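Residue numbering begins at 1 within each chain, and the chains themselves are lettered A, B, C, D and E in the order written.
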């Protein structure tokens, strides 16, 4: 028991160190090695954070879905913990994406925000999972909160493709695609150094994400352990 | 079989309560109409622009009316812990889901069948001949709203800031329906027929089917929670 | 109908409302559930009724575990909470009709009327339940469970609002119910009456089962176990 | 404190819940309000508390009519309805603090703590009232009215959820309250206890005052008037 | 004097409850933001038109958010008949009115102070320098809303279809305020200063004063009923 927790701790520590190294490496690469973008210049370097952060967010929401499903099926609190932790991180990373994007958008588009389909979609994701967290926090009984949230975690995830579709059609089927579409970014003539930078920082973000996830999950576990202990002592 | 029998019992009970004192129906109807006026005042539209905004206004009116209706959906079960009485009984949760969605649907359709023509008159839009198509779109949209709404109403049932939380959870999930119905209506109004609106219609139908099935499947857990 | 409870436990936050609770009841037993305020009586009844999920332990009816999804079993369990579980906006008779139909029992007008007559509400049959007095609601609940005839009937402090004749009604109903081989568990502070009816007494204290014996007269063991909770001011 | 009620009447729909009710109480009187279910006890108490407007008649405190706008008088009237009139989301002590402050009474921490100690809730002082058991809420109400010390205290079926020691608490409190020259009116079906405490008994039946006498032992007149409502199955 | 003391007590109690679990505040904030999106989907506006519609959108968002907030206003009093406990106490009804309006006002202002800047960013309206004026207008409008809203919330307190009835009663009464604020904002946004907006502003102030006084005066009867 003792040893196993120790080893877990050590593993987690190593994960953290790895994440740190990878992120730093990614930063160096994207800031120093990778050449500035032909059209956008230095600003474009934000992409090396932008894309990884949103992709980690997607991953996070998928984990929420898995955790919720497992919880409803097995009624195991650990799954609920996972879903909860993932939801919080997902919101965090989505918010990051939006912030980075806005910072990027100001110089390139001249605006902080535009109603481009993809941006809108991101914002909606943020709202859905913010609602998820609100729902959790506003139901007294833990078990009830857990299963209610699980339902939402499933509904929300299943709804994402539909939302995605509708939002994109709304922009394409309806009015002519605006010039501001992010995917208009010069994807064709990507410099190999750009790709490597992107991959490295992506790996960094993944490691960071899982490190944070493990921490957040641990916090949840500790809460339960504290409760168990206090129950044993009978306060 | 028992599923349907029980659903019927519950639905009859709700309809009876509603029939007794037509609160919800009347208030929803008046509120829907009222909203049209509020919107009208809010952005004072030149008559020609109304036609473009018509679907948005209509559907927003339905959305908010419906949401307030949903806040009422489980009221009778909330007083005196009647929900516990139902959970205690040999009631299939799926039946509860079907009954409540059906009840909600009936209310909404009644309201809409009055508000839409009224809207046409108030903002004297010509194209009466298009009403059938529009009703179809509305029907599909409303179905999706009621199904998803019932689920969200159920999961927010025991939450604290219920009235606020319900729409907060519901609206983002509803966005496909909102977009689909409104765009669909717009196209029908503009072109006078479903043309490329078909794509939206498909989306709507898909949405309805998906969430109806999900609802029946997971409502056990929904209501236990 | 046979009830088996193994190691049942319920924790609220940091507090065990019920713990290490074992019980086996055989058909026709009338159990008096006694204990001071906050002992865990209501919690136990809610758990048995399946209205709140247990933190640990299992409840079995005739060997089949009682889970959230065991629909059929539920029809066998009744909880008589005075002045609750009735629709205010329906009349007395409509309430009875709804529930009998839901439980698939005889919901013929004659059956309902005779039930109402028994509890002395035939004149109020067409009044909204919300307009009835506290005691009348309790009487209506009695009529309701008389019609639904559950194999396991749980009562939580039924004496509170009943007048003399109401008490007679209740007690005769309960006696008859047990006589038909059904189990009755009644939580009450009205010790004298509870002891008179029961053929087995449980004493809960701070969530623990302190005492569990079949009735005998005289009953020194009970006196001893319960003494502390009796009012000084006599019966 | 002197209470005078003249020709008080309350109609609900087509039904007289109370009619032709006259009463005069002088300081320090303890009145037991008896009667079968639906007699009109709760209605009378609500009227006296000014929570529902009378259909006819006047209520006077020390000669001043009690109208909806008589703010000062209200401070003199207390209604102890077990497990009601408390904020679920506030802790026990916060409830007491709020109400004492509202009534402009001593809301010092020491006063509140001692009150809680008396009713045996000092360990639960910091729990939300919504998490207390039925009896605990009732005990808290006792503490509340002990602190607010109203000149006219109305009680509606207080025995229902109290355990033995709780009953002692209540009765000692009520005795002391009368001894300080305050009026107490208690509606209850627990005839034996009510008679023991009271020095005057009223019997309501179908909204009419059937019987009104100061206590005497033995009391054949009372036996005669009340006999019909007593349970056959003895005390 | 007691009036203010009691009002303070009640307000402190409500703030404590809200602080405990920031439900209402957070949910209202998110919901307000959400509404901006919903509106944008409904009538999807070309960037240039947004400036014209901005005030209307903002105000509708506040209106609906606030209404749902009002549905919560007396929640704590509704459970366990706590309202009876208050009516039983020597509490000046006016104090209850002041406390509730103040509480509602605080919530709304907090929400608005976040939503307005967000709105500016989302619809990238340039004129940041106008925000102070617009905040003033919003403040006046919100005050009117809270005062009137508290009265209506109290009236519909014991009604059955409360959530529905509240806005049904409130909105028609609110229409002057809505009009005044929206038109006022529009002018400020167009001309860059109060100019002929003053007239509307006066109307707003007058409205607030009138209803505040009326409220304190009639709240006795309102709440007794």
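Worth pointing out:
Assume a contact is a pair of C-beta atoms (placed from the backbone, for glycine too) under 8 Å apart; a residue touches a chain by one contact, two chains touch by 3 or more.
No experiment lies behind these values; they were computed from the predicted model shown.
Both subunit D and subunit E are touched by no common chain. Counting C-beta pairs in contact across A-E and across B-C gives the higher total for B-C. As a whole-number value, the distance joining the C-alpha centres of subunit B and subunit C reads 40 Å. Note on chain placement: the centre of subunit A and the centre of subunit B lie 32 Å apart, centres being C-alpha means. Subunit A and subunit C have centres, each the mean of its CA atoms, that are 50 Å apart.
The geometric centre of subunit C is 48 Å away from that of subunit E, both derived from CA atoms. Looking at subunit C, residues 13 sit in touch with two or more other chains. Residues of subunit A in contact with at least two other chains: 124, 127, 131, 134, 138, 141, 143, 170, 174. Those residues of subunit B in touch with two or more other chains are numbered 21, 160-161, 165, 168, 172, 175, 179, 224. Pairwise chain contacts present here: A-B, A-C, A-E, B-C, B-E, C-D, D-E [touch as defined]. Residues of subunit C touching subunit A in their complex: 11, 13-16, 52-53. Touching subunit A in their complex are the following residues of subunit E: 21, 23, 26-27, 30, 33-34, 37, 40-41, 44, 46, 121-124.
By the touch criterion given at the top, residues 2, 6, 9, 13, 16-17, 20, 76, 79-82, 84-92, 220-221, 224 of subunit E touch subunit D in their complex. Residue ranges on subunit C touching subunit B, taken from their complex, read 49-51, 68-69, 71-72, 74-75, 77-79, 81, 83-90, 94, 98-99, 101-104. Contact residues of subunit B toward subunit E in the complex are 21, 23-24, 27-28, 30-31, 34-35, 37-39, 41-43, 52-53, 56, 59-60, 63-64, 68-69, 71-72, 75, 160-161, 163-165, 167-168, 171-172, 175, 178-179, 182.
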